[in-house]
Every structure is written in structure tokens, then in C-alpha cells.
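Labels for the chains are A, B, C and D, by order of writing; each one numbers its residues from 1.
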Amino acid sequence: MSEISATTAAMKTNNNKEKQIGIGIIGYSIGKAHANAWTSLSRYYYPSKLKPKLVAISGRIKDKVELEAKKFEIEKTYSEWEKLVNDEEVTVVDNCAPPSIHAEPMIMAAKLGKNLVCEKPLARNAKEAKAMLEAAEKAGVKHLTGYNYRFLPAVNLVREMIQDGTLGEIYYFKTAYLNVNEGYDDPNFPFGWHHDPNVAGYGALSDLGTHALDLARFLVGEITSVSAASATFIKERPLEEGSTKKGTVGVDDVTISCLKFKNGALGILEAGWVMAGRTDFLRFEVYGSKGTVRYNLERINELDIYFSSDPKRTSGFRNVLVVNKAHPFLKNFWWNQGGGFGWEHTFVNELNHFVNCLAEDMPISPQGATFYDGYRNCLIMDAIMESAKSERWTNIPSS
Amino acid sequence: MSEISATTAAMKTNNNKEKQIGIGIIGYSIGKAHANAWTSLSRYYYPSKLKPKLVAISGRIKDKVELEAKKFEIEKTYSEWEKLVNDEEVTVVDNCAPPSIHAEPMIMAAKLGKNLVCEKPLARNAKEAKAMLEAAEKAGVKHLTGYNYRFLPAVNLVREMIQDGTLGEIYYFKTAYLNVNEGYDDPNFPFGWHHDPNVAGYGALSDLGTHALDLARFLVGEITSVSAASATFIKERPLEEGSTKKGTVGVDDVTISCLKFKNGALGILEAGWVMAGRTDFLRFEVYGSKGTVRYNLERINELDIYFSSDPKRTSGFRNVLVVNKAHPFLKNFWWNQGGGFGWEHTFVNELNHFVNCLAEDMPISPQGATFYDGYRNCLIMDAIMESAKSERWTNIPSS
Amino acid sequence: MSEISATTAAMKTNNNKEKQIGIGIIGYSIGKAHANAWTSLSRYYYPSKLKPKLVAISGRIKDKVELEAKKFEIEKTYSEWEKLVNDEEVTVVDNCAPPSIHAEPMIMAAKLGKNLVCEKPLARNAKEAKAMLEAAEKAGVKHLTGYNYRFLPAVNLVREMIQDGTLGEIYYFKTAYLNVNEGYDDPNFPFGWHHDPNVAGYGALSDLGTHALDLARFLVGEITSVSAASATFIKERPLEEGSTKKGTVGVDDVTISCLKFKNGALGILEAGWVMAGRTDFLRFEVYGSKGTVRYNLERINELDIYFSSDPKRTSGFRNVLVVNKAHPFLKNFWWNQGGGFGWEHTFVNELNHFVNCLAEDMPISPQGATFYDGYRNCLIMDAIMESAKSERWTNIPSS
Amino acid sequence: MSEISATTAAMKTNNNKEKQIGIGIIGYSIGKAHANAWTSLSRYYYPSKLKPKLVAISGRIKDKVELEAKKFEIEKTYSEWEKLVNDEEVTVVDNCAPPSIHAEPMIMAAKLGKNLVCEKPLARNAKEAKAMLEAAEKAGVKHLTGYNYRFLPAVNLVREMIQDGTLGEIYYFKTAYLNVNEGYDDPNFPFGWHHDPNVAGYGALSDLGTHALDLARFLVGEITSVSAASATFIKERPLEEGSTKKGTVGVDDVTISCLKFKNGALGILEAGWVMAGRTDFLRFEVYGSKGTVRYNLERINELDIYFSSDPKRTSGFRNVLVVNKAHPFLKNFWWNQGGGFGWEHTFVNELNHFVNCLAEDMPISPQGATFYDGYRNCLIMDAIMESAKSERWTNIPSS
């Protein structure tokens, strides 16, 4: 089903309610960044077409939920997500919980006609993700998967240069997301839900690599097959800080894969969370027949661009600060020229886009990632892990 | 008068009112960054000790004032700053107007017992600044000059390393603030108040150089004498975009100065706003007997640090991403480790510091810049311009 | 057969002759860098243990051979390599010809008891390489494959840090050699021997990737299996500049591969010669449990090193200029501290090492690459290309 | 007297002898770099127009002189420079001794009709330098001052872009030469001739700053006045390593100066040899009305160039690798494209230029620095030191 028709259906159901768009957030970790964006987007892009109101937040640990509720002036708190989803004032369910708590709430919310925002990865595996996508499409609601880096000005400048042919035929796309998370390079860093496949799906792949794969699709297009390897270097971790009881890490510390794109380009993906020295190294390079670009999230507003057409005497990578009114998203962004755009604004842009799409019945995609994109991403991750086991190139189903 | 006793006086006068601290903002340009910070600081540092409420905003152009008022949900708008200053609900007057409108409102507000925030430079010259300082001290109110870069995590890490001796004796401090503002390298960019000495005081020096001089004082200490040169390269500009009528630029495009510090260090200052390729290049390097650091605002969270004590085999500038809980301001900052801290958060930190000082009767200085710092800064700028004319080293009065 | 015993055999055969070591060079392209190194090594490392004398040079094009001969004051020129190999004055045959002319001359020279230097890749495939290795070992002569980047100070600093445990357990090694050669990104760049598999073996893989694979083995150890993809983007080229007659490119423009190392590390290799903006991008990154290093030949003397043990407050990649007496090769190198070491000195170091090994009957390996290393490298390249076809992980034979 | 007429005179005197151009080198420290260049220049630029022959070398310490003589196959060694200067076979006297031994040998050699190469600074002060210039001009011989960085490809690319107007009107030129020499940041590094004003003239200024000043003149033009400050931070040093006997450092550790250029540009010079973390940091930035360039010798072949005319969407500093045939000096340089050009080749280019000028009676200037340039440089250094004392702007005599 095309996204546009889904959109139309969504408007039929929700149009009236959207004037007083009510947000319910499940989870308080990355949930903070969402809450901040919902709260402030109407200031950054004034006037916003709909005014989001934070209605409710849910989470397991009462103290933490209440703290976030006070911080963001949210009236209602729930310990069970079911109540949040069923809250009539909630018209958008924003799922910031771990992957194991993605499918059920989203499917229930879809059935209730709520619009859907879900953090990445959409699910633990493609099967779950497909059920979510189908529920959303059936309900005709808006659905967005939280690939917030689609909303970086630099990334969009790259996309424009690929789409308008500036970079020519794309030969090669390499991407990596490497870091140490909050200290995963230390074997004494305790076991958490990220290390548990039942909660997280995969490890570094679904925590980090999934972002890089989404950028691959956003920028270069569909991936048709993969050949991967994966390893767990720190095989067990203390169950709590300082504890001698250990939990077995059931997920990958490092996963790498060769990629083949539908358009003939080759690619490489690297994901790793035990990579000393890397803080937030989401990197990509795009090599085309007419030029090359490279990007690193650690320098969030910088993009290096090389044009083959420049005279040899003065050709070189241009270190472009993607911070002025000529750049995507920034024409109407309210800081003046300069280093104003930061990480939190990726969420502002993302949720503002969602709000605009609700208000004007516009498709979320291709600027934003839908559940379809979330599902495709899961298909690729599943194939990567299958390939790592089978030691063969593995095809991604085309639908 | 010491700042501490001023503080005590301030609390006598204002203590009761401060529970419902009411902010009035004069000006809507950099005023946006202030309004955003006042609005959001209690979320970033929850719970804040006092809850700022944006009470009023004033400015010359009615439409623009009202737009900002709506954006930030400010009830009252004024076309004349006098009314804002006299508004009883306003207990903090936050002056975001051009320098020529600094002294009068601040002095009037001081007399009314209001606490004071004033953008940089504090005034067009030291004489004006001194009157403002005296008024604030006499009134016993809190006063802050808007040198927001004192609130960068990286800058504070440098300050700690100087103060605790990590860098040893400081030999040399070089700093530059170079950019093209919104397009000043283009001779067709129209004449504005920044080009008019009656409004701005000086040009690149008081728009940009003043920040660099404040960092010099914040990091290395008092400057005792200067020897400078100054030039205006684009001598006239169209009065309006596309107009053939020209205005004569009465201020400096580039100003440079050698500096001598009280502690024996040498220094260099550069300020320029016609510097092609520079976007927001606030740069400094500190050379000490035990190490060196360098910083560039264009890479807001990076600091390069060299320690002489490192073994020669593996010594080199460390490219430190100043983004984790070990770094100044970030322990309780609510983003997780990573690239969360951006330009707008310098204002959040600055005004949050102001709020904390009000709430707990703590001195603004040395973390924040007071009107005393603003006055010293004006003294140095006056000396620089005098030196550029006299072609001699010029001493800065010690008080 | 171990290399040491081969060495002993070599000395028996050659010891007397070596005093007047006579060099014969086949080929004049990279041959220039060799000739320069042979000529100057005794100045850089004075006194050298043996004094190389350039005796003869051979090549197909008479004018070019004579030009190089005059430039380097070489008395004899040959149009046929057979004569050079058989020249009695020649005791070292230095093969700088294309891969298709590697096996025959080297095997003949070995049989004549000459010591052997051969440019990389050692041969067009492992079968040829094996024959060369066997001939060299049987003859008991010294043999070196021209992986000159083993002789970079920065690379050796990395090797030391891996071998002494400074970087801990190696998790991940990524390496790339990307460039545009002399203009291969331009489809009008004419067809040359590099594009002909009968001469070159493979394309970007054996021109560039082979260097990166050698560094992988030199730094991390043996590779046990690979999974690769390969593509030719510019499928035909004019036979001569401006010609409408086209030659079909029979080799890879881009080849990528996942790698598994014997010690459990994962790895990635990238080779490409149509990569706009890349000039001489031989890059590697080594991620270990205790730190990370990264290197780029385009900044030949820089090495970025991260130590996990540094305090979080001041940790970051150290940008080490590998240019002083504390660094490998530089203690006795005759430039003072500073940027003295350049690309041509990799050959100086390499051939000086060869001379030292001859003089003192020391093994070429592990500092230098032997024909064994050249053979292993060919085995890996063959496996990569086989894997790219079979779409399966392919094992590298252990011997 | 114009240089061209001097050249003609030189040729009258020396023309016949030059076929067998005989080089005599005074000093063996930087002398090594000269000897290497004389020896190898005919290989890099084959065929050279004249073949230099190293005839003699002189120096105080017999062992060191003889070592260098053997290394470079120089037949004659002298302990006294007078004998070398008077050696009939010597037609070019290449003075690599400390500044205090510059004037006498050069003047004597000029009188004998020898051509002159002299390391920088030309003399300890302008008075000495003037006498040298006059002697050279009177004798009608060729004279070159050893500002080898005029022969960097990147520097010449900048010069071309200034001369052809690419960068527009030059607004501002900043330059610095900062390092720690061989360890001067360590107070225990022993006293040497560089610390003695009777031998060296000045300290960091004449060791390092002089190079930066030459680039200022080479790129931007004459300097008309200066205002400076200077400091000695490490006031005494052990006379020998580990000794308790101390020598008083009589020269500057750090010298900084504002500059005014004849063409209206402003400038800054920094020189310092106690600057931790700096290895060979010869840096300059040129800001013009149409663009900006920046260069750092530590990355010898890189030049960052910004063009104001680039579209804002993709404008940024281009990181140009100045290593290919489109770049100055490299068209006929015999390494292929890539990182071939290193520090030692600045001397190769410089002395090859000298040889070409001798062979074809071409003027050394403006590509090379003559004694006139060396004299002007001394005038500026004298003025800088005078200004540092008088605390006034000091004019440079125009002739």
C-alpha cells in the first residue's frame, strides 16, 4: 500500500483531533530528547502548524517517570504503557522504550487510530517489524521510525547532491557507527538490556549500525545483498556494577558487512561499541563518478566535499560548515548563521516534520523514515546476521 | 566594593521577589537566544532554584516584538524600554539591545533595584561602562555581562588546567575572533548599526574582539598594556540593500594588538569581520611551560591539549571531545555523552548560573562576567584604539 | 624451510661477492625510486655496511632506459632483462617491472645465485609466486618483496605498540588504499597495462590493496578467510589518449573484503583507484582493548593514538608527529627533528635493510617482506577474487 | 644596483669556470642538507645545466668535518674557512655556519669573485648584512640567502594566486614560526650558540621568525613598520648537559609583532622556540578580498584555500594536496603524483635554481632570496627589537 493513501486514511480518522495534538511518551531515556523536541519545536519553527501537548509519560521506574513528568510539565504518569496508549487525550504515541516493547504498544495504538512514532530499531527482527507496519497501514495512521539523522542539514545536503546528479554515478558508499557507548569498552561495565538479545534484538548492529544502514538507504537506495562477520569480544559482564555475578553477552560487539546496492554501488558497514577513542563516530563516505563527500557526526555541521570538476591546481576536499541559510533546514531555523545546530535539533526537525505531515496530510517519507523504512532496516539486519552465520552472501527480499 | 557585599545587598532588596523571578528582555535579536535559555534552563538543570518567567519584551519594530512575544509566550510587549524597566513584575532586566542603548536602561533599572543582565560589550566605551558598574554596585543588585563563552565546557576545562598548574607558567596567549558576520566581506552588504560608531562603539573589535579579550582575562588574567593597529578596508556601504546611497563605515574591519599580561605572558588579539572563509572562528591557544592547548569555537566541543610530560614517543596534541560527564557543566547536563552541547547552551549555562547566584546569593564572578569585567573589557578596547592612533604601547589603568 | 637457514645458505654462496654488491634494475618506472635509494642510502645511514653500485638497468624502450642510466650514472643498459640477469657484475637483481615479468627473471636470477628484490605484488597469482619463493629458497639467496610501507616510522611505531601489548587485544583492523592513480577516475584516461589482467593480475586490488593487505599481516598477523565484492565501473578505455579505439578493462576498479584474522580480530579491506579526491590514501585503523591508532599515508609522518588508560577528562586521539629521535628508524636518520622523512625514504630504509641483511647475514623478515610474504599476499588476493565470484567466505590455505 | 646588471657582471667574471662549478661548504650542521641537495639535484632535475661538484668542507671540529666529507665524498677538508674560501677549485662558497661567521667569509669570497650562498639570517644585524650585500654587488657575483621555504610548491601556489589577483586585495597576513627546536622548552636543555647574541644576533626571531618574515615579503611585499614585544622565559641554561654552571640566555624566547605592509595590509608575526607541542609550525594565513589561504609546514604539501566566489551551499576551505603536475616545481620533478615532496627538496629546488641562474645568467630574485632580501630581513628584525624596547611603532627604512 502506498504511503500517500495511508495518509489520506489517517486524516479521515484523526483530522479533527489533531488540532489539539496530544503526545504520550513511552520511556524516559531517549524519551527526554523527544520530550524536549515536542516542547520546543514550535519555538524553532514558529508558528508550528499544530501545537503538540505532552499529555502523558509511562515507564517502569516510578521515580524516574515522575521526574521527567515534572521536568517537562506532563500531567499524567503511567507505570503501564497500556494505559498510556488507551488514554483518550493521547493522539500520538511516541515509543521510546527498548525494542522488545515496540511491537505490542505500536500495534495496539494503531488499532486505536493513534499516530505513531517509534524509536529505532523498529523491532527486534523483521517479522515483528512487518506486523507493526501492517497494523499502521491498516489503520491508516501516520508512522515514523526514529532515524533522526535523516534530519541533519549536512546529510540532506548530501542527499540533494546525489539526487540532482552532482556526485554522478555512485560507485561506493562506506559507513560506520563506532563508539564505546557509555563505557562498553570496559569489561567491567555492567550487563544491561542492550546486551540481551531478547530485549535488544542485536547488539552494536541494532544500536548503532541500524542508523548507518538507514543513511545508506536514504542516500544511496536499496541494499540487495550483504556478506558479514560479527564478533563478541567481551563475552560476559557483571550483572551490576562491581558485582561478581556475570551475565553472558548475547549480542555482537562488532559487526561488519560488505553491501551491494540495487544501483550497482558497493558498500561497507561497520558497527562497534567497544571502539576505544570513538565517541559518536557515525561516519560515511560517498564516492561518485563526479565527486566524493565524507561526513562524521562528531563534527555535526561539517561536510567535506570534493568535486572532480574543480581545476587540479586548486582541487581538494572542501570543508563546508553546513550552518547557513543556503543549507537544508536552516533557512527558517531561528539561530543566525553559525554553530547553532546541535544534536538535539535532529529531534526537533524530525518531530516538526511529523507535525507538519499530520497538519497538511503530507507523506512522512522520503524525508522521514516510516515503519516501512524501519521494516526494511530490520530485514537488512536479519540478513547480516544470517550471513555472518552462513558465511555466504545473503539476499534481502525485495518486499 | 567587593562583589560579595554587593550580593548581600542585592538579596536584602530582592530576596522576596525572586521566588517569582520576572524577566524583561530589551531587544529581539540576540534576545531570542536569551529568551530560549530563560525558557528552557529549568529543563536542562532540573530543578532550577528559581523559575524564570518571561514577563515582557521591548523593541522598536512592533511586528518583530510581537512575533517574539508570541513565540515565547510573553504576555507584555513594549515599544519603549522605559516602560519595560519600570514594569513592576520585571525583576531582572535583560538588555539585548545595541551598545548605545545599554547605559541608560541599565542605570535606571539598577536604581529601581532590578537585577541586571547586559549583552556585550557592556558599553560603547569605558566611561559609560564605569557609570553602569557604579550604578549596579550602588544599588547592590546582581549584574552580569553577556560573555557567554565563559560557559563553554571546553573553555572551563582550560581554565581549570591553568588554575591548577597543569599547564605550568603561561608564556603566550593568542586569540582571534574572525568571521564575515552575515556577509560583511561583501562590499554590497548594507550599512547597519554595527558600522556606526555612535551606536556600536567600535567595529570588529567590539563585536568580536571583545569576546576574545574576555577569554584572555578569564583564562590568563589582567592585561596591562597593548599595542595595536586597525584598518577599515570597505570604507562605505549601501544604506540599504541595492541602494546607490552609501554610508561611511566609521569603525574597524580588522583590529590587531600585541598584549602584555600582568603575569608576564605575552599575547596577541585579532578581530576581523571581513575574513573570507571564517564562519565563527573564535580561536585561542595557550602556551605554558608544561603544555599547550588550542580551541576553535567552530568545533565547539573539541579541545586540543598537549602535555610536555608525555613520553616523546607518543606525545602529540590530544583531540579531546569535551562532551562527557568528566567535563565542566556536563555532569548534570541532561543529554547523554555525545555531541549534545551546542551554541545555544552557552546561554542556558550562563543564565542558569545567574539564576543560581540569585537564589543562593553567590557571586556571579569569576565563573560569570560582571559589569566589572564588562568595564575592564571596555578599558582595554579603548586602549587598543588609542594605541592604534598614537602608535605607542598604551597602558590599561589598573582600576 | 625457515628463512634463517636460507640466509645461511645465501651467505655461503654469496658472501665474498657482496663486498662489491652490484645492482641490476629491471624497469625504469618505480625503478627510479629504487635507483635513488640505492644511490643515496649510504649517505642517509653512513657508513653503510656494503656499498651498492648501480651496475645495469634494462627496459623495453631504449630512450627511457638510457635516460635513467645517465641520470643515475649507470654504465650498462640492456633492452632484454635476460642479459641483465646474466651480467656477472650484477649480484642483486632488483625487479621493478610489471607483474607479468616478475616470475621468469627472478627464478632465473635465483638459479644464478643472485640476491633478489622484487616489486609488489610478487606475481600475478599465488601459483607464480610460489614458484618464485621455491626458487629463492632452493638457491639460498636473500629475497625481498617491495612492500616499502613496512619501512615507515609511523607504521613501525604501531607495530611496536601491538607487539608489546600497549594496544591490548586487537579487535578490529580496517584498511583502505584509495586513489585515482594518475587519473583513473576519468573514463578518458587511456588503457594501460594495469588494466590488463594478463600483465597485472588484478586491478586496484593488486596495485593498491596489496599494500594494505601486507600492512594487515605485518601489524595484526595472518588472515584466515575473506569475503569480498568487486566491481569495474569504467568498463572500457581508449587505447591511447584521445583515441576512439577502446580496450576492455579486465580488472577491478573497486574491491572490498571482510577479513578474519587468525588471532580472532575482524577486518576490512578496501581498494579502489576511481576514488575522486583521494590522492594517496593508504589508511588503516587498529582498534584494541587498550587503545586505538589510525594512520593515513597522505600525512606520512602523523599517527593518531588513543590510550584508554588516559583520564577521561583529557583523553583523546594524540596527533603524534612521528619525526623525532624517539621514533623507529629516526634515531640515526640524518635529518634533524622535523618533517624530514618523506616517501622516497621508505625505499631508502627498505634497501638499506636489505643491504644490512646481506652484510650481516640477518633475516629480511619480519622487518622486511620476503618472497614468502609476497606469496601469502597473492594467496589472499586470489581468495578475495574467488570469494567475489563464489559469493562465499573463502579460506586462505595456511601454507 | 639592480640584480640583473649584477648578474651580467657575475657572468663576465665566472662564466668559464662555471662549467666545472666547484662547491665549498662552510659548516656541517644545516650543511648536510645543502650537501645532499648539491649532490642530488642533477638527478631530480635531469639534466642539470651545470654539474655541481662538492670540492671542500670546513668546520671547527675535525672529526665532524671528516665524517661529512666521507659521507658526501668530498676530497678536501679544512679547519679554517679562510682556506676553503681561497681554494681555487671552489667557485661557489656555501656558508652554513652560524651568523657570526657569515659576513667575513662572504665578503672575502665576493672579493675573490666567488658566487655566494649564505644560510639565514644573512647576518646578526642589518649593518653587517649591508656590507655583505655591497660586497656581493660590487663583485658582480650571484648571491643567495637561504630562505628555502620560497621553494615549497604550496608557497609558490599561494604567490601565484596573490600575484594574479585570485585572492583580491590582501587585507591581512598572519604568520608564526613556533617550535621547541631540539628541546628548548626544557630549562635543562644546555646553552648553545643560538642563545648567545654575539653569535646568533637574536633568538627565536632570527632562528625562526626570519623565515616567516621572508615569506611575508615574498608573498605580500615590503613591510613598512612594526610594533613588537619580546620575552625570555628561560633566563639561564646549564653550560653543558647536566652541568650546574649556567649561561645567561641573551636572546628572545618569544617575539611577536604587529606589521604594516606597504600595500595597506596588516600583519602579525610570532616567533617562539619554547612552544610545547609545536614541532615545525611555520604557519601563515592570507586573507584577501576574494579568498583566504592557510598553510602549515608540519603538513608540508597541504594548502587550505577558500574562494569567496564559491556558492555558499558548497563553499569551504579546500584542502589541496599540492603534489601533482599542475603545481609549482612539480611538473618536472621526478616522483609521480603523491607524497613525494619533502623538506630536503626545498634545498634541492633552491640550489637547483641557483645553478640554473648561474648557467643562464638569470636573476636569483624574485624566486630566490638574494643578499638584498637577506638585508631587508635584517632591517625588519632590527626594527622589531628596537620597537620592543622603545614601545613604539618603528619604521623600516625604505632602502
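Keep this in mind: a residue touches a chain if its C-beta (ideal position, glycine included) is under 8 Å from a C-beta of that chain, and two chains touch if they have at least 3 such contacts.
Note that the structure is a prediction, hence the values are computed from the model and not measured.
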> Smallest number of touch links from subunit A to reach subunit C?
Replying inline: 1
>> Using C-alpha centres only, name the chain that sits farthest from subunit B.
In response: C
> Once you count every C-beta pair in contact for both, which comes out on top, B-D or C-D?
Replying inline: B-D
> When the C-alpha atoms of subunit A and subunit D are each averaged to a single point, how far apart are the two points in Å?
Replying inline: 56
>> Taking the mean of the C-alpha atoms as each chain's centre, how many Å separate subunit C from subunit D?
In response: 36
> So, what's the distance in Å between the C-alpha centres of subunit D and subunit B?
Replying inline: 43
> Which subunit C residues reach two or more other chains?
Replying inline: 315-317, 321, 324
> Of all residues in subunit B, which touch subunit A in the complex?
Replying inline: 32-33, 36, 39-40, 42-43, 46-47, 67, 70-72, 182, 279-280, 297-300, 321, 323-324, 334-345
> What residues on subunit B touch subunit D, complex-wise?
Replying inline: 169, 171-172, 174, 178, 185, 225, 227-229, 231, 233, 253-254, 256-258, 260, 264, 266, 268, 270, 272, 274-278, 287-292, 306, 308, 315-317, 391-393
> Of all residues in subunit B, which touch subunit C in the complex?
Replying inline: 157, 303-305, 307, 310-321, 324-327
